[in-house]
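Provided herewith is a single structure, encoded as structure tokens, for subsequent inquiry.
Chain IDs A, B, C and D follow the sequence of writing; residue 1 opens each chain.
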Amino acid sequence: MPLMLPLVVSCGLFGLGLYAVLARRHAVMVLLGIELMLNAASLNLVAFDTWWADTVHTGQSLTLFVIALAAAEIGLGLAIVLALFRAVGNSDVDGQEPPTSLLAEGGDEL
Amino acid sequence: MNRRYSASAVGITAVMAVCAAVVAFPRLGDDTGPYGLPAGRTTTLVDGGDLLGVSVTFYVDHLSAVMLLLAATVGLLVQVYSVAYLAGDARYRSYTTIIQLFLVAMATVVVADNLWLLVVGWEVMGLCSYLLISHHWELAPARAGAVKAFLLTRIGDLGLLVAVFAIGQTFGTYEISEVLTAMASPDAPEGLTAIGLLLVVAVIGKSAQFPLHTWLADAMPGPTPISALIHAATMVAAGVFLVARLYPVLAESAVTMTVLAVVACVTMLLAALLALTSGDLKRVLAWSTVSQLAYMFAALSVGGYDAGIDHLLSHGAFKALLFLVAGSVAHAIGSTALRDMGGLRVAMPLTFLTGTIGFAALAGVVPTVGFFSKDAVLESAWHAIGHDAPVAPLVAVVVLVVGLVTAAVTVVYSFRAWSMTFVGHGAPARASVAVHEAPPLMVGPLVVLAAATLLLSLAMPFDLLMGLVTTAIVVAAGWLAWRTMSAGRDPASLLGPAQPAFTRELDWDLGYAGAGVVARRAGDLVTATDRDVIGFYPRAAAATSVWLSRVLARAQSGNAQTYVTVLAAGALLTTLLVVVR
Amino acid sequence: MTVVDAIDWTSAGVPLLVAVGAIVVLVVDAFWPAGGWRRSGTLAIASLAAAAAWLANGGSSGAIVAGFSWVILLSALAVVLLAQVLEDDAQMPAGESGFLLLSATAGALTLAAADDFVTLVVALELLSLPSIALVAMRRDRAAAVSSAWTFFIASATATAITLMGLSLLYGVTGTLTYEGVLVGLQDDRVPERTTAVVVVLVLVGLVFKVGAVPFHLWIPDAYRGASVPVAAFLSVVSKGGALAALLVVLAYPFLPLQPRWDIFIAVVAALSMTIGNLGALAQRDVVGMLAWSSIAQGGFVLAPLVAVSLGSDDILSAPLRYLAVYAIANLTVFAVAAVGLRTLGGTSYAHYAGVARRQPLFGVALVMGLLALAGFPPAVIGLVAKYVVLQPVMLGGYAWLAVVMAFNVALGLVYYLRLVVVAFAPADRVDEGAVVTGAAVRGGRGTTIAYSVVAIGVVLLLATSVYPTLVFGPLP
Amino acid sequence: MNGLVVALALPAVAALLLVVLRDMLTDRLAAWAGVGVSVVVAMLLLVTWVGGDGDGYVAEVDLVWVRSLDLHLHLGMDGISFPLLLMTALVTALVCWALVDDPPRGDNATPGLVGLLMVVLTASIGVFAALDLVLFFVFFELALIPMWFVIARWGDPHDPVGRRTAATRFLLYTVVGSALMLVGFVTVWALAGTVQIPELAALGAQLDGGWALFAACMIALGLAVKTPVWPLHLWLPDAHAKAPTVGSVLLAAVFLKLGTYGLLRVFVAVLPGPARDLAPWLGLLGVVGIVVASLACLRQADLKRLIAYSSVGHMGFVVLGIATLTEIGIAAAVFASVAHGVVTALLFFNAGSLKRRFGTAEISVLGRGMYARMPALAVVLAFASVASLGLPGLAGFWGEMMALRGTYEAAAGADGAGLGEALAAVLLVGALLGVLLTSAYFLRVLRRTLQGVPTPHDADTDLAGSERGIAIVLVVAVLVLGLVPGLVMGVVEPSIPAILGGAR
């Protein structure tokens, strides 16, 4: 299999994931986007591992780590989404915090 | 109150005068002329190091001695005179103190060997002049005159400053005696025109020569004894002294001497004409001082070193006398305007007598000292034609002609002032209180100075031919003035249509006023620039920072996706940065 | 064939001890939940102390890494002490907090000690995820969760970008050990521009943790959402770990590409200090100000990295030296904020008006801490630190960056000094009505312990200001 | 025990004690303590100087401060710094003395204020004595924040916003400048590998080329803000006008000298090559400053602002002197710095006395005829003005004269001068115009305030107490400097080669 194929797919996955993170309003979709980006990296790693015929299989081992990390990330992410849901009542991710004025009143000493 | 101070003031001045006399008399014989090796005595008190070149060293010769004696005598007489003149003045104490400071400064100038010491004395004199002119600081003319005097003389002083730099650079020393020695040696430096011209600038300021001549007349609101001391006998004559002191340096360059001669000629005649048209006795005297100082410069410029010094001495005596006379008159009638005077000869006989001697000397009437010294000046111009003089013969001719014309004008204005003051009848009739003779403490100095005006003649040279010429001029001009006066016309009207212009003193002050306006406008411009141009940048920077700060705070919307967008865009852009590099 | 090198226990010992401590704290808390902050704190301190002892006995792969480890350990210790203040208002659960703190610390230590990109990624996540959880755990503020969400998404994206970069790096070099990458990058088979892009992608995750512009937007929200000791942790420990990794990565595997990435670091540094300072200008809240200030300080600490290729020890240790000073100063000010939140009732400037008059220690702490951050005498140590980071920049010839730094020193002074001025406002200038006294309580023992952090910070700042060798001497 | 180190540490310790013990001290006691410390410092400096062997640096100490960075606690004084050191200590003593009768607002505020002043004293001594660039910088910055507090807290009581703005403007200008200066210092380090000033001066001629020029520009910028050189002077009028009397005096007498001293010690001595390249610009800006400042003075309505602007002009002469790079020019810089310190201190004390009485220093409010209303005050003001306008025989003259002479020598083509002949001639004329304008605006002030028909005012009280004593001390100092310039020159002259050594 030519190297180009997994690379192109990985690029597509990453782009898709980034799009989801940036544009989707629903928290779960955002988490999915993150997952996609991580998997794009994993795909690359595996592909390069094969291409290099890496005897120590660095790519594969890192992929394993990435899978574990992704799980941890999603776990944490879902927990936060849950807490958010409890606090605000929906899982739309924008406008969670009303933009507060950070400029307190008071005399400007300097 | 004042009596206690006055005793000590006069006492201290007397002690100073005695000291001056002790220093001066032994050196009167050191008269080696301008070009000789310095014959005076040099004394070093403090040596200030090589780099700065300031040391306290004294150089006393004939010239210094003459000046010292003049200053000490007039100073002492003025102090005595002031006891009566300023009796009851609240500021008598500071007045006498400043006079003493002035005398010290004047003495410093004339005995200094180190040029920096001379500069110190020179400018302290200017300060004293400023302070004394503004003695009556409640009066606007006194304040204005003082400022004007200080600023115009300061222009000259800057010339002196640079001249001293140049001397130091050229001669490698700041000691006058060493400069003179260098000039007397065969390998004297050449190309001293710049130094000479700078020195001319210095004396133009200090001695109120054209074009900086107007300050002296405006200095007249000061107390009259001060006018006698500072603005007639001593400080203004310091310019003449400086030229005489550094004579070889100036005389090395014909250009310098020609410039000096031209300045002197212009000033001489101009000031005489201004004196003719002035309506104020003190202003007449002030202009005449300017005119007479120009005589001295004229003499020096054509090589008449001794004539210049002699005229300085004689002028010091008779002009001090005239100013004190004017003070006596002013003290009696409370005004110095000529139209307020007239007929004072009866009420103030002694003042009249001494005043007459003084005016006669000013006009150059035989046998007053003024006759002899002015003749000497004119004779030196005559002598310079065709002989080895520092200036071209043509210049000497001009000096001679202008000198003779000015002599005639001098006679006319002297006669005019004298007769408007003492002859006829006016002041006693108009005065609200009885006019009577001045107190003895004022009359005393008048008598002493009048005697000096007559007796100094004995020390003066005499040239018969020039004496006859000038006497003829005196007679003719006197007759003309007398005819005009007895016809009931002001001799000033002899100027014809030019008279109003001279009465306005040729509007010369407009120039200074214009300079002042320009400076103030420039000041406004600078202030505005500081505020709106230079100040704009820091203000704009601060405002921009604050604005950006608010924008940044507002950008913290709390929206995670906005943040990630920025993050991704940032990653992209920074990556591009690396690629483009 | 051995595919796995023997584990380097000397280096691994330090983070391992901390990680073990984390688990012990969690387990103990799970079974005997009554212990509270005092016990979790004690356990945490014990594990940090054990790690420190290991480190003192040579448990490190190199001097620079050891230096970073010391800074991280001691800062974590300070944060643990500081966290005792939370006991008094029960903002966070004690056991979980202790566990997360120690986990993240272990992550930071691993990050510093890693010599392999795989380790680096794992360490990065070990640092990030507990940090996010710590931010989210604050109970008394709804904003905590939403700021944790922001932090999470940004962090996950940054990690993903880094991972993507790593995968490409792997593709370019065929290995992910530092040594292998160094060799691989010296090879010019792949166009330099391409490898440069890969390198920058890898760096994004680390620069994100340092909190540099344009990867900084989470910081103000996270700091303000989290409880103050957590913010202190983020600003020092987390930043320190990332900086250590960044330094090692730039100076070792990525060194061949220095002519490429230097502009990235320089621009990021310049932007960070400028935007961080500008953002801080408008703040009227201690934590908000410190958040932006930490962005700016991130810029200062990144700046010397541009010249690591010059290779001298002084240059390599410049970021470490700056970080150490920054840690002391920043923790002192954060300690004031943490205690102040409790005893003054809030962290806005209004709470601090004239505080120096009432609590001189706060006054001194703010003067020394803030001015050390600003780089001004009497906190001479801060000034020397600025000198330290300027040195490599000028040696590398980055004059424009040095000038930007100079302007930012001036800009920073404005807002640092503003708080000093507020604290020293004379009695007649403090409008009593405007001062928010709030819940001005004398805190309990937890507060007292946190207070001791302030005192220690002040002593350290004063001592090092008089004799900076105290801090620069032990560091490489 | 090294006298210089003691003189440096003593005020710092005093500051600490004053702040710690502030509740136990009365206002008067604190003020007298400040006077005492400053006088002791002055004595120590004098004794140390006299006891020095006159070779190289007196009381030189060189201790390692930060080993890993090769920073040293390197102190020492020579003929350039000693006059400034002594002047600083004396002026600080006078400033504290002024507080005896004129305590700052607020309850028992004097200990705090004197404490800040002591910090400033330490900092100034440190700057003048430092022989390590970083140490120089540390002390250079140390004085800033105390000064900010002095201005912002105890400044003009009628304008709380204005005084804080002025203080901040002062701080920011200086800080931007000094931060750039630090960049310059680091560049010097990067080029030479050391920050010890004597070592740098020894290899000064080797520091040349683009990077050295960059370093010189940065350093000059920082020092030019402090000096101040036009057009970086804008902080000065506000800061001086809004500061309390003690602040104005210290700013004018001491702070500005930090800049001029730095120009000598760091700019000219360490980077002679680039200094030569930049000298024409420096000279030009100096003269522009002279003229512009005196023009601005003609239009000032506030006495303190006027004096502040006049400082810009006087510092222009100092800068001009330095820019000539002639021996006489360097001497001019030192002498004019000292003289300006004394004369302007007197002027500011006087303006402060007036402001204390009238609540403002607006010339129109002060009224006229002060000679009659407050004779002693008026005479002192007149004396100070005359000294400031450069009357020969008073302190102000010699510095100006030497600066002009240096310019003249450059115009006459002296060897090694920093200015071209034509430029020097133009600058000379400009500077002379400035001298004339200086006279004009001071006479304007005297005419407006001291002279004229007296306008009596309830606040008319003549100099009394410490005001009188301060005036006497300063008048004597002005006279001594003016009449015996050799006193200072004898100290300065042997050290000039240390400054110009590299440049020749």
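We adopt the following convention: a contact is a pair of C-beta atoms (placed from the backbone, for glycine too) under 8 Å apart; a residue touches a chain by one contact, two chains touch by 3 or more.
These figures come from a predicted structure and were not determined experimentally.
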item: Central subunit by CA centre of mass proxy; value: D
item: Selected interface, A-B versus B-D, where C-beta contact pairs are more numerous; value: B-D
item: Chain separated most widely from chain A, comparing mean CA positions; value: B
item: Rounded Å distance between chain A and chain D, as computed from the means of their C-alpha atoms; value: 61
item: Computed distance of Cα centres, chain D from chain B, in Å; value: 37
item: Geometric centre distance via CA averages, chain B-chain A, whole Å; value: 92
item: Distance from the mean Cα position of chain C to that of chain A, given in whole angstrom; value: 24
item: Where chain A touches two or more other chains, by residue; value: 18, 21, 30, 93, 96-97, 102-103, 109-110
item: Multi-chain contact residues (two or more partners), chain C; value: 143, 146-147, 149, 152-153, 157, 161, 220-221, 282-283, 414, 417, 421
item: Two or more partner chains touched - positions in chain D; value: 168, 172
item: Complex contacts: residues of chain A adjacent to chain C; value: 10, 14, 17-18, 21, 27, 30, 34, 37-38, 40-42, 44-45, 47-49, 51-52, 54-59, 61-62, 65-66, 69, 72-73, 76-77, 79-81, 83-84, 87-88, 93, 96-97, 102-106, 109-110
item: Residue numbers on chain C that touch chain D, as the complex places them; value: 314, 317, 321, 371, 376-378, 380, 383-384, 386-388, 390-391, 393-395, 397, 399, 402-403, 405-407, 409-410, 413-414, 417, 420-421, 424, 426-428, 467-469, 472-473, 475
item: In the complex, chain B residues that touch chain D; value: 46-52, 54-55, 116, 119-120, 122-124, 127, 130, 134, 137-138, 143, 146-147, 150-151, 154-155, 158, 161-162, 165-166, 168-169, 519-520, 522-527, 530, 534-535, 538, 542
item: Contacting residues of chain C [partner chain B, same complex]; value: 143, 146-147, 149-150, 152-154, 157-158, 161, 193, 196-197, 199-201, 204, 208, 213-215, 217-218, 220-221, 259-261, 263-264, 267-268, 275, 278-283, 292, 411
item: Touch list for chain B against partner chain C, complex; value: 545-546, 548-550, 552-553, 555-556, 558-564, 566-571, 573-575, 577-579, 581
